[in-house]
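As structure tokens, here come the structures.
Both complexes below contain chain A, partnered by chain B and then by chain C.
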Partner chain A sequence: MTAATAAAGAVQLLGCVAVAPLLPGTVQHLKARLQGRPGPSPLQPYRELRRLWRKSGVAPQPRTVIYELAPATVAGTLLIAALLVPIGGHAPDWGIGHDALVLVGLLALGRFAIALAAWDTGGAFGLIGAARDLTFAVPVEAVLLLVVVVLALPSGSTDLLALSALATTAEAWSEPAHWAAALAFGIVVLAELGRQPVDNPDTHLELTMVHEGPLLEYAGRDLAYLQWAVAARHWILLVLATELFVPRPEPFLAQVATLAGALPTWCVVLAVVETTQAKMRVLRVPVLIGTGAAICLLALISWHVRGGA
Partner chain B sequence: MTARPDGASGPRSAAAITRVAPAGWRPACLRAHADGARFAGLFGAPRGGRAVELRAVFSTPAGERVIACETPERAVESVVDVLPAAAWDEREAHDLHGVRFVGHEPLRPLLDHDAALERWTVPVAGRDAHQVAVGPVHAGVIESGHFRFHVVGELILSLDLRLFYKRRGLEAAATGRPAEDAIAYAQRACAACAVTSSVACAQACEAALGLAPDDELRRARTVLLELERVYNHLHDISAICAGVGFAPGAAAYAALKERVQRLNLRLAGHRFLFGSVRLGGSDLAPAAADVADARAQLRTTGDEHAALWRQLHFSRSLQERLDAVGVLGRDDAERLGAVGPAARAAGLRRDVRSESTRLCYGGFAPVTPAVPAGDVASRMTQRAIELEQSLAVLDELLADPPAPGRTRAIGPTAAVAVGRVESPRGATTCLVELDGRRLRALHLRTGSYANWPSLVHAVPGSLLADFPLINKSFELCYACVDR
Partner chain C sequence: MSAWTVVCLAGTAALACGSALAPIGGRWRAALAIQATGIAALGVVGGAALFGAAPVGAQFRSGLSPALGIDRLSGFFVLMLAVTAVPAALHAREAMRDTPHAAAIASLGGAFCLALVGLVAARDATTFLAFWELMTLLPATIILVARHDERARRDVLAYLAITHLGGIGVWVTMLVLADHGALGGDPLQSDGLRALVVVAALLGFGTKAGVMPLHSWLPRAHPLAPAHVSALMSGVMVKLALYGLIRVLLEWAAPMPRWVGPALLGVGALSAVGGVLYALFQRELKRLLAFSSIENVGIVVLGLGAALTFESIGEPRWSAIAFAAALLHMLNHAVLKALLFLCAGSFAGAVGGLELDRLGGPLRRMPWTGGTFAIGAAGLAGLAPLSGFASEWMTLQALVHLSVHGPSGVALAAAAATAALAATAALAVLCFAKVIGLVLLGSPRRSECARARETAVSMRAPLVVLAGICVVLGLVPGLLVPTLAQLGPGEVQLARRPGLDLPGSGGLPALALAVGLVVVIGGLWRAGAARRAEPTPAWACGQRVVPALAWTSAGFTKPLRLMTQALLRPRRQVTVRSDGGVIQEVAHDAEVPHLFDSLIYEPVTAGALRGAAVVRRLQSGSLRAYLVYLLGLLLLALALVRLGLLA
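For the complex of A and B:
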């Protein structure tokens, strides 16, 4: 293992566990400033996690082991998913490989666990939220897979290390397919992170909730795991966006520096989108995601028309 | 828009009262309805023994008509088949005073919360239909209200409401107090409509005491009412923007509302204009410099509103959420007795301000949107155009600083009188019964009370996720319907 790989592994763990809450915190902070409010500090999610960690849990009745295992399952899948994502084109072999398709599966598994938990307790808002989440998830997963397929066309591999290495080359951006994939991935990020216009993370209105709904029943440490998982999801997708789409020089340190610059930039982009766009009507969201699928299909067509190998 | 010369088309005296026997209740109500009078409320009050006094208020451009009926058997024929607007009133009179309304079937409980689910909800049958219950405890800071939806997936089939979670006893507490105290009780029904309820109560008491306001008193009360409308409408537009997560609109209109509330504080000493209305006169006399400054600030508010409104109009992601959601048709609005911006947005060109002889609205004409579609977009547009109208009224009334006003005796006293005032949410009716100078009864039927049934009617056919938005577009109050 080279020093770069070891360092990448450290960033993977440290970033996912310790830096991740800073991302939604920064988005919330910037959003408040854009709206003319002082807003919470970017560190607010850490305070929330500390508060929840000290609180005792309240468990609904009736419930089964499905409800109890969901927070650990969600947190576990996201931790493993974070270990798949390379940092600066490097990643140690944790024994799980770096296949993008595994990542798609892990994200789906986390979603499945929380939907099952909502079903287990049978709370109306949990079920409504989970139902909406799954309704969106079907096209979101399809688009994410298509993005992976489009990106895998030049290298013929869905390995994230290979895909990340490809992005460091200038040639990648000479392909229209790469641009299309970037656009579609942007839609995936909005949907996966539950941000406006897909979902409103700030809402207190139970009837409009998507991702928040199934979390309503949880309290204490269980909720802390789930809140951390939301932050980890931000980390994974925003790091992935950087690794797959941001052009950068080859050396490892330069790549890490790019990542350090790109993450705050993504936070700004999310805050601006969330401030300028109202939340969509709930049944229009699949149409938005469908647009992402159409873009990917155009990318595939363009690749073949241009005679890609 | 100047005050009418005192006495020329002066304030009407107390309401015309028709007293009927229980058997004559329904025919008398139906006759009033057939004559073109609009239903404006039905109130019950206990009398000695088992008897209950029922009073129905009908409003005509010439004044209010009250049909009164003492029923020892506590039973009259229902009018709900002809006047669906009276449905909540009859249900309330039944739950509070045990009056049976023969022919009102099923007479679902309204205030009575002990009833089984099947008794107070409308049955829905069919494949995949299920219930979603929301409240009375909500995830945010929202008043207690229980909403029970029947849905298929995201589609709402029907909605049942259960409000009345607080026992306030305002009307009971007011009974027996001196007439001067009545306003204190009416005002506390609801903070956002405090001036409206106060003025309605003041007008009713003054009509009963045979008093008429002078020009200064009319002007002062009109200024207060319009200040209340301006900050409420600004708030409601902000709330609709916040309901769809459109932060720029929500923040900008919230800032305008804050500015107007600070003006309220400077002009009348209270951000919600509490304590600014009293019986028989007005002490509102702000300094000339404050009034001139307020007038300038209101003009700026109007300009900023116009600019912001144009921006909202061209914000596609916002407009997409508002169109064709929560539609209240014109005929339904008429039938259900909808009032205020909700009724005007559905095309009913009707506003108590145009017939308020005890206020200073000379030549007032109600406005409606160009296309009164009765949806969320129309209700928001309605508020935007009413804002311009209210700011114009204020600009004219504040040309000179308000001076203390008073009343003078114009006619005989009456035991029962009615005051009707247009609140930011619609027509508010206040009926008082005086025994000398003491209150024998005080009844308040606010614009919110009148509009809740219309909200229930506007919801089916929309998506569950859109309900909070539809609710905000009506922006009804929970507290002032509590009994």
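For the complex of A and C:
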């Protein structure tokens, strides 16, 4: 293992556990500033996690062990998923490979666990949110796979390390297919992170919630896991966006510096999108995500028209 | 005579004895045990053949004299039958205690297994077709013995009518192949003949496999049978139709024309998405499981289509991988579907009906049955690290690489199929989250559910074994995959290691992934298990939580129903009865009609009946009319002879 690989492993773990809460915190802070409010500090998620960790959990009736396992499952799948994502084109071999489709499978496992927890307590709000979340996942997974197909065109591999290595040079952007994949991936990120216009992370109005719905029945450490999971999902997808799409110089330190610069940039982009876009009607969301599928198919066509360069 | 032949004959004899003895003297439970022993022996032979022992019995031949034998591919299917049928028979020993006509059902069930074994062991066209017909007729007989209501009789009629019409394709295929000596002999010479065989095989075997749009019989017939027979029908019978398809497409009529692979991709994508979409909107557990079988057949067909396409573009290695993915998914689905049908049988015995909105709560009352059911459902939803994930991951990898390596047309088709399979996987997660939620979790929705008792150990043990197989297949799929890949067209060697390590992928080290998940989730769970407050009801805006607030199947699938309503055209009727401005009663009635029935099958049936009515006028019963027909026919024949058209 080289020093770069070991450092990448350290960033994977430390970033996912410790830096991740900073991302939604920064987005909330920037959003408030854009809207002319002072807003919470970017460090607010850490304070909430600390507060929740000290509080006791709740015990809704009826429940089974599924309710108790779900927060740990969601957090655990995301922690494992974070280990699949390379940092600066490097990643240590944790023994679980670095396959893009495995990452998609792990995200699905987390969704499944929280949906079962919603069924377990039988609360209507949790089930509204879970039903919407799993329904949106249908077009999201289809588009995500199409993005993988388009990105795999030059290298012929679904290995995240190989895909990340290809994106380092600016040459990748000379292909229209790469642009299209970036656009489609952006749509997927919005949906998967529960950001506007797909979902409103600020709302606690029960009837409009998607991701927040199943969290209502939780408190204490369970809720801390689930809130950390939201932050970890931000980390995974934004790091992935950097690794797959941002051209950067070859040396490892420069790559990490690019990552450190890109993450705040993505936060600014998310804050601007959230400020300018209203939340969509629930039924319009699949149309938005479906647009991503159409974009990917166009990308594939353009690749073949250009002779599969 | 080799040792394996002896074991094989002994197993067949035990199965036949178990089947014949069942009706005698009320000892059907002992007979079922004998049957299970026989099938297990046959499964051992099948496993030996699969893993490289010399083939047992005869080779394929095109003659008419009967011949039986087991080679590697047949061995795989016999093994699959044994893995499914042994637990099914053992489960049935307890589950059918109070069933009327249990002895007859046990006997016919044994005969059904015999027919399934016979089909994969058939080595000539006559035997194949004989067992093919038995495989269709025996489950129909079992359903008619078990059920007497009119609806069951109508559905059995539809089953027999559709599968027999489709069966014509199988007859045409087998007879044409035997006629041209293509069974284990010379390849077909003419391209026209090959196209005929392929189309006939796709129609014939496709109908029996339940491929959309030829599937209409499957969701009618499968839920009617007793649980262990449903398990065999969904788990094994539809796979044997795919066995026939594999033999024809990859062996007897090979090499395939170029259009066959993409055609299979299209049909497979339709079946996968359509099957799971309709499964989502079912209200009865066994009917839902039947639709889910269509979905999984679709996934297998996608794998086969990818294998054929890879072969035609000259990628034998990927062709073998896609083929192995299809076989692995067949095995996974056989195990999982048998598990779920047997669990459904246990639930039906414990609480009566299986209407999804009227169950709830058995995970606490029946932890073993409920737990195994949850494992099976999660496996069918294709979740890591259970077995469904491994085979779906392999199929997805094959499709992704087909869209990367293929020429432009193929690449677009494969990309569309990739998206369809990804959507199918997400829909299956939605579907089985709903199933687990409605069947196992929440408060009991009926008094019977609140009183449900765990079943006897002898009934739980088969479920635990099946769930264990599902877990093991998910953890070490890579130990089986190289063997399966060798059965494919290219005879490709893959490295044998526990995980899956395909070229051009990041690999799926399933065992490490599972260990990582268990360790991390377990650690987080332990760390998070702090004190909890006193139990309180779930939050319902401060209202008392009453059963009327419980969520239903229709509620959970509503976002999807709204999203797909342009396609599925759901029907919804709300009647409000108000008295003096005060609403007294709201009646809500909704269903998602099966459009294949109303748009394809009903017009065809109506047309056939109208045609029959017209033809029936010819048969007037009057002697004079018949004499006129005779005269007309004679004149026609004479005219033809005169013109030289008839020798």
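Just so we're on the same page, the second predicted complex is superposed on the first by the 308 of 309 C-alpha atoms of A that agree within 3 Å, B and C clash if a C-alpha of one lies under 4 Å from a C-alpha of the other, contacts with A are read in each partner's own complex, and residues count from 1 in each chain.
Criterion: a contact is a pair of C-beta atoms (placed from the backbone, for glycine too) under 8 Å apart; a residue touches a chain by one contact, two chains touch by 3 or more.
Since the model is a prediction, treat every value here as computed from it, not as a measurement.
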Overlay on chain A: chain C relative to chain B, clash or fit: clash
Partner chain(s) touched by A:L216 [first = chain B, second = chain C, both, neither]: both
Partner chain in contact with A:A124 - chain B first, chain C second, else both or neither: both
Which of chain B and chain C A:D202 touches, first, second, both or neither: first
Chain B versus chain C as contact partner of A:L283, first or second or both or neither: both
Partner chain in contact with A:V138 - chain B first, chain C second, else both or neither: second
Touched partner set for A:V148, first chain B, second chain C, both or neither: second
Partner chain(s) touched by A:S56 [first = chain B, second = chain C, both, neither]: second
Chain B versus chain C as contact partner of A:T169, first or second or both or neither: neither
First (chain B), second (chain C), both or neither touched by A:T265: neither
Chain C versus chain B, contacts on chain A by residue: C
Superposition clash, chain B against chain C - the stretch among 27-35, 45-53 or 117-125 that is involved: 117-125
Residues on chain A lying within both footprints (that of chain B and that of chain C): 124, 131-132, 206, 216, 282-283
Touch list for chain C against partner chain A, complex: 361, 363-364, 378, 381-384, 389, 393, 396-397, 400-401, 403-405, 408, 411-412, 415-416, 418-423, 425-427, 429-430, 433-434, 436-438, 441-443, 499, 504-509, 512-513, 516-517, 520-522, 524-525, 527-541, 545, 549-551, 555-560, 562-563
Residue numbers on chain A that touch chain C, as the complex places them: 56-62, 64, 66, 68-69, 71-73, 75-77, 79-80, 83-84, 94-102, 104-106, 108-109, 111-112, 115-116, 118-127, 130-132, 134-135, 137-146, 148-149, 152-153, 156-161, 206, 216-217, 219-222, 224-225, 282-283, 286, 293, 296-297, 300-301, 304
Of chain A, residues touching chain B in the complex: 31, 34-37, 124, 128, 131-132, 196-197, 200, 202-208, 216, 274-284
Residues of chain B touching chain A in the complex: 132-134, 138-141, 153-154, 241, 243-248, 250-251, 255, 315, 317-318, 320-321, 463-468
